[in-house]
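Next come two complexes built around chain A: one with chain B, the other with chain C.
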Partner chain A sequence: MRASGDALVAGGITTPAYTDQMIATVEQLGPYIVIAPGIALAHARPSDAVLRPGLSWVTLAQPVRFGHKDNDPVTLVVGLAAPDSSSHVQALATLAGLLDDRSRRDTLLRAKTPRDVLAAIVEYERTHAATEAVSGSE
Partner chain B sequence: MKQLRVKVMNTVGLHARPAAVFASEAGRFASQIRVRNATRNSPWADAKSILSVLTLGVEQHHEIEIVIDGPDEEQAAAELQRLISSDFVGKL
Partner chain C sequence: MGVKGAVVKILAVCGMGLGSGLLLRMQAEKALRQLGIVDADLEVADIGSARAMAQTADLIITSNELAEQLGKVKPRVVTISNFVDLKEMVEKLRAALVQT
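For the complex of A and B:
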């Protein structure tokens, strides 16, 4: 959790206060943030600690148990930050679309380098944009 | 088959935690349950999958449609209706 927050800070997306808010969220509300097998979504409510929308991607060398009955242990922590509620929901929808496809999720979980992760995301955005263009023209 | 349409009043919409609660409540029923964001005219998603529910991008004041088909559809419709229209009272 702290590593995903540090990455957000390093990327100029949040201030360190957001990391503390993410940790407080999981401590208060529990392991629901483990939204898919092996994947935790670190996030907190939109606040002044969010400088711009963004996400961080942290792969754990040692899987961590968050206490989720189905989706433990966690090997990937995605940190999500958005300045307001609407952009938060839409960022989450895009991220969920990325992870909802099982083969793409497996590719992302197996990715060994940032370049592999970026390649998979770029590929998703390319096909996703194409799909939206098709449905938009109907 | 039961069909219902409800407006989501939660301030953060069907975002991570409400989506998790919604999918987990839907998962208690044997019936097949599908949901879509009517406001966005989204495709249908599996109501029992958190990720699928999250892809709908449901914000506050969006309306969702739920279609339930199976042996416990009456009970599922009543409980999901109550969950959303009560704004997840006691569940968050």
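For the complex of A and C:
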């Protein structure tokens, strides 16, 4: 959790206060943030600590148990920062599409370097743009 | 479909109403499209305001954890385990909406 917050800070997306807010949120509301097998979506409320909308991506070398009945242990923590309730909608939609395909999800969970992650995302966006065009012409 | 042309009001509930709940709403939209249900009204609520908003909803979608926190509410509650699995969403919505 802290690593995903640190990454948001490093990217100039949030201030360190946001990391504490994300941790407080999961302590208060529980492990529901583990939204899929092995994947946690960490975030807090929009606040002054959010400088701009953004996501961080942290793959854990050692999977961590969050206490979720079905989806533990967690390998990937996606940190989400939103300055309001709408500017991150597109990013979330992309994330959902990216993780919907099981084999791509496995590839992303096993990714060892940022380059591997980026390559998978670029590949997704390329094929996704193609399928959008196909479904749009139906 | 057992929807009889009426608009189905679906409430996606998460902790703060902007992360996983939003994800649920987007997945539900896609799922409804697959099921051919166009008369649906989707809203997102945080766990704090969900009980009040549930009064006017036909169906609630949320996680197992939050369903427990939500307690007993009037509409049927559908719990989703894998938020990015569209198949799970389609199957659970189909089951829920056909029974409604």
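Following the convention adopted for this analysis, the second predicted complex is superposed on the first by the 130 of 138 C-alpha atoms of A that agree within 3 Å, B and C clash if a C-alpha of one lies under 4 Å from a C-alpha of the other, contacts with A are read in each partner's own complex, and residues count from 1 in each chain.
FYI, contacts are C-beta pairs under 8 Å (C-beta built on N, C-alpha and C of every residue); 3 or more make two chains touch, one makes a residue touch a chain.
If you're wondering where the values come from, they're calculated on a predicted model, not measured in any experiment.
S.K.: Pick one for A:90: touches chain B only (first), chain C only (second), both, or neither.
M.R.: Once the two structures are laid over each other on A, A:90 reaches chain B alone.
S.K.: Going by the touch definition up top, name the partner, chain B or chain C, that contacts more of chain A.
M.R.: Partner touching more chain A residues in the overlay: C.
S.K.: Going by the contact rule set out at the top, does A:112 touch chain B (first), chain C (second), both, or neither?
M.R.: neither
S.K.: Once chain A of both complexes is superposed, is A:82 in touch with chain B (first), chain C (second), both, or neither?
M.R.: Only chain C; A:82 stays clear of chain B.
S.K.: Should A:126 be classified as contacting the first partner (chain B), the second (chain C), both, or neither?
M.R.: The answer is neither, since A:126 touches no partner chain.
S.K.: Output check: A:37 vs chain B and chain C. Expected answer is one of first, second, both, neither. What do you get?
M.R.: A:37 sits against chain C, while chain B stays out of touch.
S.K.: Jot down the residues of chain A that show up as touching in both complexes, chain B in one and chain C in the other.
M.R.: 29, 32-33, 35-36, 41, 43, 45, 85, 88-89, 92-93, 95-96, 99-100
S.K.: Using the touch definition from the top, list the residues of chain A that touch chain C in their complex.
M.R.: Within the complex, chain A contacts chain C at residues 25, 29-33, 35-37, 39, 41, 43-46, 68-71, 80, 82, 85, 88-89, 92-93, 95-96, 99-100, 105.
S.K.: Taking the touch rule as given, give the residues of chain B at its contact with chain A in the complex, in rising order.
M.R.: Residues 11-17, 20-21, 49-60 of chain B touch chain A in their complex.
S.K.: Can you list the chain C residues touching chain A in their complex?
M.R.: Going by the criterion above, the answer is residues 14-20, 22-23, 26-27, 47, 63-66, 69, 81-86.
S.K.: Give the list of chain A residues in touch with chain B in this complex.
M.R.: Its residues touching chain B are 29, 32-33, 35-36, 41, 43, 45, 85-86, 88-90, 92-93, 95-97, 99-100.
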